[in-house]
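Letters are used for the chains, namely A, B, C, D and E, taken in the order the chains are written, and counting of residues starts over at 1 for each.
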Amino acid sequence: MEIIYLIFILFLSGAIATFLLGKVSKRLRDIAFITTLVVPSVLFFTQINIGQTVDFSVLGIHLSWGITNFSYIFAYIVLGLGVLAGIYAVAAMKGKENLGFFFFNYILSIMAMMGILFSRDLISFFVFWEIMTWSSYLMVVFTGKDVQKVGIKYFIFSAIGAYAMLMAIVITYSLTGSMMISNLIFAFPDFEFGMQILIPVLLLIGFGVKSAMMPLHVWAVGSYSHSPMAYTAVFSGALSKMGIYGMIIVMAGLVSRIPEGYWFREVIAWMGAITAVGGTLWAVAQDDAKKMLAYSSVAQLGYIIIGIAIGTPLAMLASLFMAILHGMFKGTLFMAVGAIEKQTGTTNFTEVTGLIRKMPFTFLASLMSIIALAGIPPLGGFIGKWMLYESVIGSNHYLLIIVIFFSSTAAFLYCYKFLFGFFLGQEEKEWAHVKEAPAMMVVPMVILAIGTFIFGVFPGLILNPIDAGLQELGYAVTQGRYWEMSVLFNEWGDTVVLQPILYTILAVFVFFLAFVLTKNFKKTRYVSTKDISSSGEIPKEHENLTFSRGFFQPFLRSVEPLMRRKIDPYYNSFGRGMEAIFDFVRRIYTGNGQTYALYVVVFALLLLIFKDRLWG
Amino acid sequence: MVGSPVLLIAIPLLAAFLIPLLGIFWKELVRIIPGLVLGYLTILSASLYIDVLNTGTIVETIAGWRAPWGINLVFSPLTGFLATLMTFIGFIIWLYSYRFKRNVEFEAAKKYFIFLMLLVAGSIGIVITGDIFNQFVFIEIVGISAYALTAFYTGRNSAEAAFKYLIMGSLSASALLIAIILIYSQLGTLNMAEIAANIHNMPPQYRVTAMIFFIIGIGVEAEIFPLNGWAPDAYTEAPGPVGSAFAGIVVKAGIYAMVRMMFTLFDISGPMQILIIIGMITLVVAETSALRQVQLKRMLAYSSIGQMGLVLVAFGMGTKAGVFAALFLMLNHAIIKPLLFFSGSYLVFNSKEKNISEMSGLGKLMPFTAAFFALGSFAIVGLPPFAGFWSKLSVLTAAANDGLLLIIAIVLLVSIVEIVYYFRVINRIYFFKFDKATSVVPHKPRVNALIAMAILAILILVIGFYPDSVSEILNRASEDLLNTPDYIKNVLSTGQSLTY
Amino acid sequence: MNIENIEIIRIGVYATSILLILIGLYAVLTKKSLIKIIIGLSIIDGGIHLLLIGIGYIKNGTAPIFSPGFENASAQMVDPVPQALVLTAIVIGFGVTAVALALIIRLYRHHNTLKIDEIKNLKW
Amino acid sequence: MINDKNSQKIVDIIQNWARKHSIWVLAYGTGCGAIEIPPTMTSRYDAERLGVRGAATPRQADVLLVTGYLTTKTLKRVIRVYEQMQDPKFVIGFGSCTINGGMYYDSYNTIKLLDKYLPVDVYINGCMPRPEAVLAGFGKLQEIIAEGRANGAQKYKDNLEWYKANQKKIIPSLLTTDYNW
Amino acid sequence: MDLLTNILGAIATIILAFVVGMSYGGIVRKITARVHNRLGPPWYQNFIDAYKLFGKTTAIHHGWMQIMGPAFLMVSSVVTLMFVPVLNNGGWFTNLNFKGDLIFLLYLMVFGPLGMALGAGQTGNPNSAIGVTRGLSQMVGFEIPWVMALVALMIQFNTTTITGLMDVQQMSGTWLMFSSPFAFIAAVLAMLGMFRYSPFDIVGAPTELASGPVSENGGKFLFTMMSSGSIFSFVKLTLYVDLFMGGADNLIILLIKTFSIYMIPVLYGIVSPRYRTEQAIRFFWGWPLFFGILAILYAAIF
């Protein structure tokens, strides 16, 4: 038995077993769930060798599964985040209904993502892609809120993407006679011009939907915020990366090999930039943490898309690094929101305040993730951003860099809003009862947060496999040229040496804290946040002084022209228009038997009239 | 060998005749006999089919009159495949409707099973007969039994649906008769093989006119676009299993007749624009009409029509890949649509007005039925790894091989519409709150119904996970359809010339 | 018997049958009464049957029976197949009409009208 | 803090010198005397040359400047503000009203003698005191800070019960935060 | 030994920055007073204030994040200081000059304000949060022309390091403020916001927000903020001098150059009333943005 098959069989049987055990015992179900996630992951990381493939054929089409260096990078995200978020999910979803179903879909999504990474041919790629889509769709509608709106929107867009991809796949099949991805890449430069344009466009629509590229992003926010947070961590952290995965293959494998590729790159890069800016601005405007993080995910994916579109080795390094880091910190943040939701029952910034002393570990994890998200050194997010900027500057995208910088600076706004909204501010009596989330929820968050820290100082740990993957895509070795274990270089040889920076920061911190605090800290005592200088007034217990409504109103007022246009209404009116047309079309079935008889006669006459046309 | 192909038609006809008589002795026989008959037919057709696959086409002559004079039955890889499929679906329908809510009473059950037997017999007859007039007769048998089954419920609008069906059916039967007259007047024969052999001797004007009348005559059963006005009504108003019989058996026979006529009778090789155009229009109109449906069964009906349109498109490509895809689609549709109708009719039972909006939260109350419905929906919209995906994929690859990019695009766009309306229902079933005001207390499906659905569901999963399990059969069938000379040879070689 | 007459008769038969078909179609397409529509269908059937008989017709042909002494009669025989067909078709038409009439009774009970315009509960 | 026995003399001197030259004033300007603060701080009299500077919040302030009369309503705010200030802190009673009620001596709802409720370090007499007088007051405060005699806060701490009792008489519903710095 | 030199050099740099920054603060107060036709405090007034603040008790806190806030600010200032070359040609301790580049620096400079904002948030004072939101909004405003200026320099000279840009000026002999004037103008306009003098003192606007983010911080917290703020302004001034004014060969020249460039926001501020937040943002997205684009075009074309 091939280990590759075994992994998938384990996933599948584990999913079914979890579902069925859920009817018997809750504990058994949880154990089965965790086991199903952990065992294949362990098998994958210990038993699977790169380059090992299994071949088989379906309907006469040759298919092949096997892991490559490149997909191995994404396997880290999928399995790492999958296992951690799975552990989190067990605690976070405790007591919810229908958990067997949840876990079933969860495992299925993980399996599908692994399947995508394993697929060396387009058909299994598509099959797993669709499994991923519908399993995630079932998660989006799991909570039962707004399913007709949000769920259907997600699925429609996914379907548009998937079918665009399917079209590209069948065209590829008809052109090359093979479904292998490698064959497509190999034969692509010899295609005729139209196909050279059509196939990447279709594939990019498919991947763009999953990676929430700007005109195709409208599903993302609702879906991210509606699915259970335990799953959204995977949804935003890992699942959206599948779009990135595919996009990289398209951009590096196909687009870069044709002369028109330059325009593709520019267009995609600008779409990524618009995604980043739009996502950021809308994230700033949100009052709900889930939506904010969802928009933020869209924005972050925008950066990654920019990197892919630019396509220089440094940009690719940046994108992949950001993809991994985004999985980590956004996963943590969604988990934190989930923890807060579980403990308080709401995720609205205007309602929850001052949790820092109640949920310190959640805060710590969120803080580190936010610092990583904002791209502030010494945490991991910085590495990706640095590389991205350097690559954008180095590849002469002058205006692009400004746009990116704008959105990344504006990102500080929502970063702060997240931390302030939940954890800081007045400690209200309403939330006095709130406790820290269970350890099973906190530990995965903290692990991921620490991970961002480690990768921020030793990016080489991630860049190493990324480098291997990039070489597979045809890039030259980047180690030593763009990075070492904890040193980064840009195109012009400028460096950022990370370790001394970290040490300096730590040293100053320690010194400062010792300096300020040792002498006086014990004399300092905690006073409640009601004891503030409020013009001599003494706030009552029930008075909520926290500033949380209209948080960034001045800023939003000044960027209002940028945000005046939303794309959703256009889609909505398009959808309504289509529905109206369809509604009109079905009136052809008048319900009158005589009309139907008339149709028969008219049809006969039409055929008789056009018979020459029809038979030539 | 357990029997000969003629039994496939004779036995159900006999059973239809015997059912009321036997019912006098023991009322339960009315329900048992059809099961035995259909079970036997399934085994018979399956074993015949295995023989056919191993040894070659069986051509059976009736009453010793050899082709081209007598009526002959052709049990080839294609017709055998369809006949087996039909008997199997018929058996599943029997299993499901063994104690179907409405026919628990004796009288109702009697009528139901008589007409079901006739329907199955007629459909099998359409498929395996080798004579166009005989085909006409079988079409009429199917028609009459279908009108009767449509009007099965006395309380609803079923008579209206049946009447519309009847008007269109009679008109089209007339057209079919005209076509037969035209061919007979020109070629002097009714045997398909001989017509096929001589079709090029026919003046083109006559040929094309005959073909048009043929299309109209068969189009009503095959649910092509302007001729399918009856279909939504009939599907909606007929009992659930009858709907699935229409979708799984009757329509397949209609499509077969259409395709046999195009491919063999008129020997059109290469792409058939007319099939593609009609199929596309059917697909688009039906799927778009389905989007805003209020009633579940009506939605399923439109979906069924749309699928048939897609089948026609696939056939219209005229290539082996296209025919393969079309047959695959037919197979999947024959499995999936009954599942949807089976589970859907239990969902419909539990709503007062049969509306989709009244099915909120039934997933909690009837987990298995809802799960089967969801599975069926997933499969029919072509989500992998379920059966529907592979057929859709084969259609698309076939189209891509012919360079029909526009058709691929339209098919995929229409698929999105399909997804929307199916998922609306699934969402409502699973993720909405149960509402006592609109839904009545749920009738749980009986065990036999669950088994029937489970069998179909397992088939969906088997084909979904291992599509190669059927690809060999389909390959043989599609080769058979495309190979007109062999057909002619097989049929005509059995007959020596009669000497007087 | 000269050939022209045969043709005239043949054309007459054809014309009559086509006329019948058209009359039937007219009834089906324009008359609002269910009964009339069914009558129209029956007229179409009749026209077609006539057409069918017409193509098998041979002037002065004999009955299509092989009997001793008439071994070579096949050239003189009226084609027997259309007649057989017509018989079948008539039976079928009868069956359909019977079903239709039964349905009409049901419809009338249900709707209290025979106008096809008003029987439109099922639409779209 | 100022009279901390353990601390060394020289440190005290330096600290007191710094305190003397850096007086951050929180003006509690509800009384009519508040109008005298702007001229004091701006070009004409320029208190900043003495290191006097406005503070925005009690946390940052050194000196609480009670400008004029206090009513029963405003007293609790003043107490709150005073208690929120960090050591070392001083109070300047500004105008006659803080000394004896001034022109409101017979009003039913003004506080006649501020010293009963808060430890006043320096009084500035007058109704209103001119900016010159204010500057002189600051000068006096600087003087006593330098000498280490401005120990109002210590007094408040030592006689907390007495002060609290007095405050309670005026404001029965006084929300006393536990004051221990 | 090497490590010890490094540490001593770092401490010396910090002391230098502290002294210069504080003195500048005092001088600015003096100048402001003179413009107001006042006598004003002595130039060392800031030292007195700082010492006094340091001597005050810090009796209360609102949670550990409030304590960490000033720490973040201090760390950010000091670490940023480590990366900015003080004098040309390594005339001062190099510290970490070659370990990071401008983009790194841009992000490092955010580290402090963000930590500070968190500390301010923990106090629960609504004014603090309002101040922070204003500050962040304004930062989005001035960051754009500032980054544009920097990007213009980077693409013009194909380097992203400060030392690289300084070398460019050394070699060519002209200051970048002359060789890429638009970038300089954009940067200077951005600097108005960066130093938060009037009209951009919307963060701590005393009359509206009671000093904004710092309103709950007294004593040692305030001391830390004040001193790190001074260090930070020294860092920024040095950065401007390094980037646009050819650096400095010795401390005197450094002081002259930094002081002269410091006067731009100070003098502009003295005579300006305060903007509202969106006015401030729109200011930066007006002419500064235009000059930034010009700078980039200039750099891209030449």
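Here is the rule we use: a contact is a pair of C-beta atoms (placed from the backbone, for glycine too) under 8 Å apart; a residue touches a chain by one contact, two chains touch by 3 or more.
All values derive from a computational prediction rather than experimental measurement.
> Treat touching chains as neighbours: how many steps, at the fewest, connect chain A to chain C?
Each step joins two touching chains, and the minimum needed here is 1.
> Which chain's centre, taken as the mean of its Cα atoms, is farthest from the centre of chain D?
C
> Looking at B-C and A-E, which pair shares more C-beta contacts?
A-E
> Computing the C-alpha centre of each chain, which chain sits at the greatest distance from chain E?
C
> Would you identify the chain whose C-alpha centroid lies closest to the centroid of all protein C-alpha atoms displayed?
A
> Using mean CA coordinates as chain centres, what's the gap between chain D and chain E in Å?
So the centroids are 36 Å from each other.
> Roughly how far is chain A from chain D, going centre to centre by Cα mean, in whole Å?
Each chain's C-alpha centroid was found; their separation is 58 Å.
> Averaged over CA atoms, how far is the centre of chain C from the centre of chain D? Could you give it in whole Å?
For chain C versus chain D, the centre distance works out to 118 Å.
> Which parts of chain D, given as residue numbers and ranges, touch two or more other chains?
In chain D, 57, 59 touch at least two other chains.
> Mind pulling the residue numbers of chain A that touch at least two other chains?
525, 527, 531, 533, 535, 586, 589-591, 593-594, 597, 601
> Counting only residues that touch at least 2 other chains, which ones in chain C make the list?
Residue numbers touching two or more other chains: 28, 37, 119-122, 124.
> Which pairs of chains touch each other in this structure?
So the chains that touch one another pair up as A-B, A-C, A-D, A-E, B-C, D-E.
> Give the list of chain E residues in touch with chain A in this complex.
10, 57-63, 65, 67, 70-71, 74-75, 78-79, 82, 96, 98-101, 103-104, 107-108, 110-111, 114, 117-118, 121-126, 129-130, 132-134, 136-137, 139-141, 143-144, 147-148, 151, 154-155, 158-161, 164, 210, 215-216, 220, 224, 276-278, 281-282, 285, 292, 296, 299-300
> Which bits of chain A are touching chain B when the two form their complex?
Listed in rising order, the residues of chain A that touch chain B are 57-60, 123, 126-128, 130-131, 133-134, 137, 141-142, 144, 147-148, 151-152, 155-156, 159-160, 163-164, 166-167, 170-171, 173-174, 579, 581-583, 585-586, 588-591, 593-597, 599-604, 607-608, 611, 614-615.
> For the complex, which residues does chain C have touching chain B?
Answer in residue numbers: 21, 28, 34, 37, 41, 44-45, 48, 51-52, 55, 66, 71, 74, 79, 81-82, 85, 88-89, 92-93, 95-96, 99-100, 103-104, 106-107, 110-111, 119-122, 124.
> So in the complex, which bits of chain D are touching chain E?
1, 14-15, 18-19, 21-22, 24, 42-43, 46, 48-51, 53-54, 56-57, 59-62, 85-88, 181
> Which residues of chain B touch chain A once you look at their complex with the stated criterion?
160, 163-164, 167-168, 171-172, 175, 208-209, 212-213, 215-216, 219-220, 225-227, 229-230, 232-233, 273-274, 277, 285, 288-293, 302, 378, 383-385, 389-390, 393-394, 396-397, 399-401, 403, 405, 408-409, 412-413, 415-417, 419-420, 423-424, 427-428, 430-433, 467-468, 471
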